[in-house]
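The same chain A turns up in both complexes below, where it pairs with chain B and then with chain C.
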Partner chain A sequence: MTQITANTAIEESLGARAWRWVRAVNPVYLIALALLVWVGIRNPVFFQPDNFLTFLQRATPLMILTAGQVFVLVSGGFDLSVGSVVTSTVIIGAILANNDPNATWWVILALLLGGFIVGLVNGAVTTFLKVPSLIATLGMLLIAKGIGLFWSGGAPRGYLPDNFRMWGRGGIEGLFGLQDFPYAVIVLVVFGVGYWLLLHRLNYGRQLLALGDNPRAARLSGVNVNLVRISAFVICSMTAVVAGVLLGGRGGVSIEAGTGLEMQSIAAAVLGGTMLLGGRGSIPAAMTGALALELLFTLLNLMGLPKPLRDAVQGLIIIGAVAYTAYSTRRTR
Partner chain B sequence: MKPLRFLSLLLIALLMLALVACGGTTTTTEEPVEEAAGEVEEAAGEAEEAVEETGEEVAEAGAGLGMEAAAVASEFFSQEELDNSIRLMDVTPEGPEGEPWNQALEPNFIDTTQYAKEGPYTFCFSNAGVNNPWRVVGYNTMEAEVELHPEIEEWIHVDAEGNDEKQIADIQDLVASGNCDILIVSPNTTLALTPAVEAACEVLPVVVFDRGVQTDCPATFVQPIGGYAFGYTGAKFLADNLPAGANVVALRILPGVDVLETRWAAAKQVFEEEDLNVVEVQFGDGNNDKVKTIITDAIQKHGQIDGVWMDAGATAVAAIEAFEDAGAPYPVINGEDQQDFLVKWQEEGLTAIAPTFPTFQWRTAVIAALKVLQGEQVPDPWRLPQPAVTQDNLEQFVQPGMPPLHYAMCGCETMPDFPERWGGTASE
Partner chain C sequence: MTAITPTASSPSLLARARAWLRDSQIPPVYGILVIIFIAAILLDAVFGIDDQLFIFNQTILTNILVRSVALGIVAVGQTFVMLGASIDLSVAYMISVTAVGASYLMAGDPGRVWWTVLVLFGVGLLVGLVNGLLVGRLKINALIATLGIGLILRGLLNATFENFAGSVPASFQSFAYDTIGPLPISVLVLFLVVLAGWFVLRRTKYGAHLYAVGGSEEVARLSGLRTGRVLVVAHMICSATAVLTGLFVVSRLRAGAPWVGTDGLYDLESIAATVIGGTALSGGKGGVWGTLAGVLIFSILDTMFNQIGIDAYMKQILRGAIIILAVGFYTFRSRAEQG
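== the complex of A and B ==
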């Protein structure tokens, strides 16, 4: 056995070996790297530490949102409600805080509680009422957006205080000799490492993956299927609240804050090799997928393509990337 | 099983990506600005104008399209109307001092005795939508105006939710009900609503405002000077406060909406005449986050941005914050009359101006309708003044306690239930 592989390896040309190595790596990393280089060529100052951190700050909400989405995706579901949870977080946060810096902490806690409840409802409806998650969360999309807009009377009211906004906007001055080390990047690292541990190193992650792969087998092997599935939705919704706090911090109050994020987060996760319908996914790869998506947006912006063309190019590139990912993950399966 | 599963996965992925790709545009067109009016025509056309302006590398990308686009763009543009708009900005309005909603520019009064009727009245209003902050402020103002007139016994409001088909059906239903003494229409799009308005005119008096229709049949048409004046005011202010050759970023919401195209057309002409260096023309979709990204990238790419022109102000504060976060000096900027921008302007002592598309026109529509039913003379068209917030009158329009996206040019400060009706608090 070893003899045979050794022989074939010797017979392979250098190019073929490199190609094999390339194929073994999750393609999302190569895609991200290629985009990174491309952006760097278009904009040489992009790699200056301050500029790059600004970019990471911008990419953080989508990256952690994608990580949260992965939990639901690997369990075999979808969460379409994250975009409107983000929007509602921003709108309701502004109403509750109403520019009072003392209110910030309880408002963030209240919002997280709201996210917890949304996730609980999503999970419970999917689990106990047997409504497909695509429909359950589609309903939640409308409910969350509706509540946010109704409460605000159709137009955002109130402001987010500065200490609420600092998470998405501010940073630690002078850390590592940098102008500003964004808080958002710290949040990114914490969530990245935490979710990686949770999904890939802890028993909970194994149960979740088993559930997504084959719910029946998971149940028979003693996994509390309902609890695990519901918790995945809760993690996703609460992550959406965190992303909303960051986005509201970065951009301020807007009813557009979360527009399109549900699709972007799912696309990013798929780009990172997460399997729709469950059973397979990786937090680092999915977050890199989100990074790649943000890089793509930046690149298309830098190229100055008119918007309609930009949308079309974006769609094409994403389809190509996902098709390639799907192709190569199928081969390595 | 395996190939099937792979196929379905790919299919779902494709579907989703198609959604991502169009998601951006479909969801944002809902928001389009306030007044964002008229027929959303071919988008491709105007978008090319952006290409033309954004510099060499881009010019390469779409040079061929540029030619074709220029032709389409001209459909949005009328030099005559632009010149007329600029002229109207200097015309002194006729009407009661300090009540711009009751004033008219160069009014051509028409006789309405044919519509005269005894009160009390039932007013019916077919609204294009209440789907953005500008329309929310406008509609709140309109309801307050209705309350000021006891002669209006019943007020029937139908919201078309930004949908042409629904609005056509709404108008037909209102007319068929026979309850309406007069119909006020704020059309969703110009071309689609014209036949419905024409049909309504045959049965009862109609007042159109905000966006127009292509027929003279309504009793009167209420409209401020329009998009050219908005774009011109902002661009001219930039030109007056910046040296020739200064770097300017132009931020637009989305292509293909006529009132927004006219704003840009007027600004573009000013920038060309005054030799400002427009380094970027970008569509921000009315999204704070996206606008912040555009400005941050522009500062990185061009080193220094001296001025920012916007075709609508909802994202002005995000644009200003991008300068703060980049540690760059504030630009000369135009926003709009939203509170958050005015507050920021005052706090930071910006060099700024806020052209408006005044929300007080929602009052005027009700006033005009009442005059028509009472057989009084009304101007047709009723051209409203379109004042700008400037450094001189800024203080008057900064209203603490009002929501960030409250449009200050509502003429609503003395109306019943101000400020609560508009989401504000009286405390401060």
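== the complex of A and C ==
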């Protein structure tokens, strides 16, 4: 196969070679690049460092949420509960902290612990009760949101103190000569690099991919499949808590904070070439998928489309992009 | 059959009952249904906020059935696509589109009912066709494809309507409120839909094809089935049931608003009811009678929660837990690896 392509490549025109190269790249990078250019044309000041960082700050929650979702997706599962976990993080965080700056740290720790428990339950139900993860996390979607709303009585109450909210909306003044370097972007980099290492450079990632590809083979080759699978759910839920802290910081307390994020994160991951039902996925590509979605929202906003039509276009683009991905992966196989 | 089982020579009553149950092909979910029904009666007796037990109250019993109609009809359609190893997340939006479309197009005029209904079924079949083509022909993952279609429907609907629009004529409301003797028409419709679903699945060639495609698309294709076409038809059936549910919802509410489908959680609950009813997410196994039991379980629980006065959000928590436990009830014995 490589022999043939190498020979023909010599006689290929430059255009054909460029086209082949384009086809070899994960399409999500091209989509993101195209959207980036388009947004830049519509809004030339978009690329000014401060503006761009503000955009990244807004994109961070979905991007890290997607990275967390990838862990569950490549293991062969789904996590539909992340949106509810985000909502409950915001609601419960506001109740617990109740505008007391001294409480912030233990509240964030408590929320992370809550995320840990949610992930543990998701993973244990999937692993030991053998409930399909779609159903297990669908049940958790109802439970997690129910707990948040039950606790708060259905309407948001309490306040998030400023040092809680700084993670989502604040920044370091004067760093790199910028007005404000958002904390969220630092979180984004830390999670991006950390998760990339974890999935693509460490043994754990290889075990997870093997599990998603063929659980039986993974088990027989000595992978502790139960532990690996449960840990994927825990990573995903705890990441959702982090995303919730950031979103609560940026947007304040709302019972709609996480609505729709479960599907957005799955769509973004699939846009990035993550295979549903497991076995293949990439953190950088999936995060780029989330970035592309956020760029799309920005673009549609710039074009002045009303919010409902933005939903419709979003649906069209997701179908189109996934159709293209499905088409190109079928060809290369 | 009983002759083959070793205990048959001197079977105890219990063993004979078990053998009969095994042979009768009653889906195991009916066991859960009975357990939940009994539990509901006991809980009502102990914690009920009024003196009367709900099983002696005909209004409540009828209400349980009527409550099942909306979810039940669309869950039958969901069972079809899930038997084909697909899934439909767009049904909730289809229900909203139907409800709003019906009350807007009918505008209270009984003369416009028939063509409105035809138009809406046309729209539903078209949406199902698109879903089916995306899943069956373009091989896009069903979760993503139907989510995308759902977003498009929601976007178009919300861009056009913001609130309740128009109303259906009083005559159309008889679908939701009239009864034949003691039996509400809507319950009869649900029963007919389930019966039709059972007939198509178990007594027609198409049904056999659908099970084959869901069991293994590869094998089905190699044995000469046009698997794409089978899935397209399943998706069209599913969207049509969503339209019927939408019509029932709007005939109850008198007017449709863009949020009636999504607020009812018809997408996730129809999937949950189907899975609780014993239809495998991986396709090829299950049926509509199981789904009906799954839907009844939901309505009984809802009624019981109301009877003992449980907080709305606590209800949601319990609902989630029960979905997980009910499915776990018969998956935990299986040794297959799950995703």
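Simple rule for what comes next: the second predicted complex is superposed on the first by the 325 of 333 C-alpha atoms of A that agree within 3 Å, B and C clash if a C-alpha of one lies under 4 Å from a C-alpha of the other, contacts with A are read in each partner's own complex, and residues count from 1 in each chain.
As a working rule, a contact is a pair of C-beta atoms (placed from the backbone, for glycine too) under 8 Å apart; a residue touches a chain by one contact, two chains touch by 3 or more.
Since the model is a prediction, treat every value here as computed from it, not as a measurement.
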item	value
Chain B versus chain C as contact partner of A:251, first or second or both or neither	first
First (chain B), second (chain C), both or neither touched by A:77	second
Contacts of A:156 with chain B and chain C, given as first, second, both or neither	first
Which of chain B and chain C A:184 touches, first, second, both or neither	neither
Which superposed partner A:302 touches (first chain B, second chain C, both, neither)	first
Partner chain(s) touched by A:240 [first = chain B, second = chain C, both, neither]	neither
Which of chain B and chain C A:132 touches, first, second, both or neither	second
First (chain B), second (chain C), both or neither touched by A:86	neither
Which superposed partner A:259 touches (first chain B, second chain C, both, neither)	first
Common ground on chain A, meaning residues reached by chain C in one complex and by chain B in the other	154, 263, 266-267, 270, 276-277, 306-309, 311-312, 314-315, 318-319, 322-323, 326, 330
Residue ranges of chain A touching chain B (in the complex, touch as defined)	43, 45-46, 51, 54, 58, 94, 152-159, 169, 179, 247, 250-257, 259-260, 263-264, 266-267, 270, 275-277, 297-298, 301-309, 311-312, 314-315, 318-319, 322-323, 326, 330
In the complex, chain C residues that touch chain A	89, 134, 138-141, 143-145, 147-152, 154-159, 268, 271-272, 275, 281, 311-317, 319-324, 327-328, 331-332, 334, 336-339
In the complex with chain A, residue positions of chain B that touch it	2, 5-6, 8-10, 12-14, 16-25, 27-28, 31, 43-44, 47-48, 50-51, 54-55, 57-58, 61-62, 130-133, 136-137, 254-255, 280, 282-283, 285-289, 291-294, 296-297, 300-301, 314-315, 317-318, 321, 325-327, 340, 403-406, 423-424
Chain A - residues contacting chain C, complex	75-78, 80, 125-136, 138-143, 145-147, 149-150, 154, 212, 215-216, 219, 225, 263, 266-267, 270, 276-278, 306-316, 318-319, 322-323, 326-327, 330
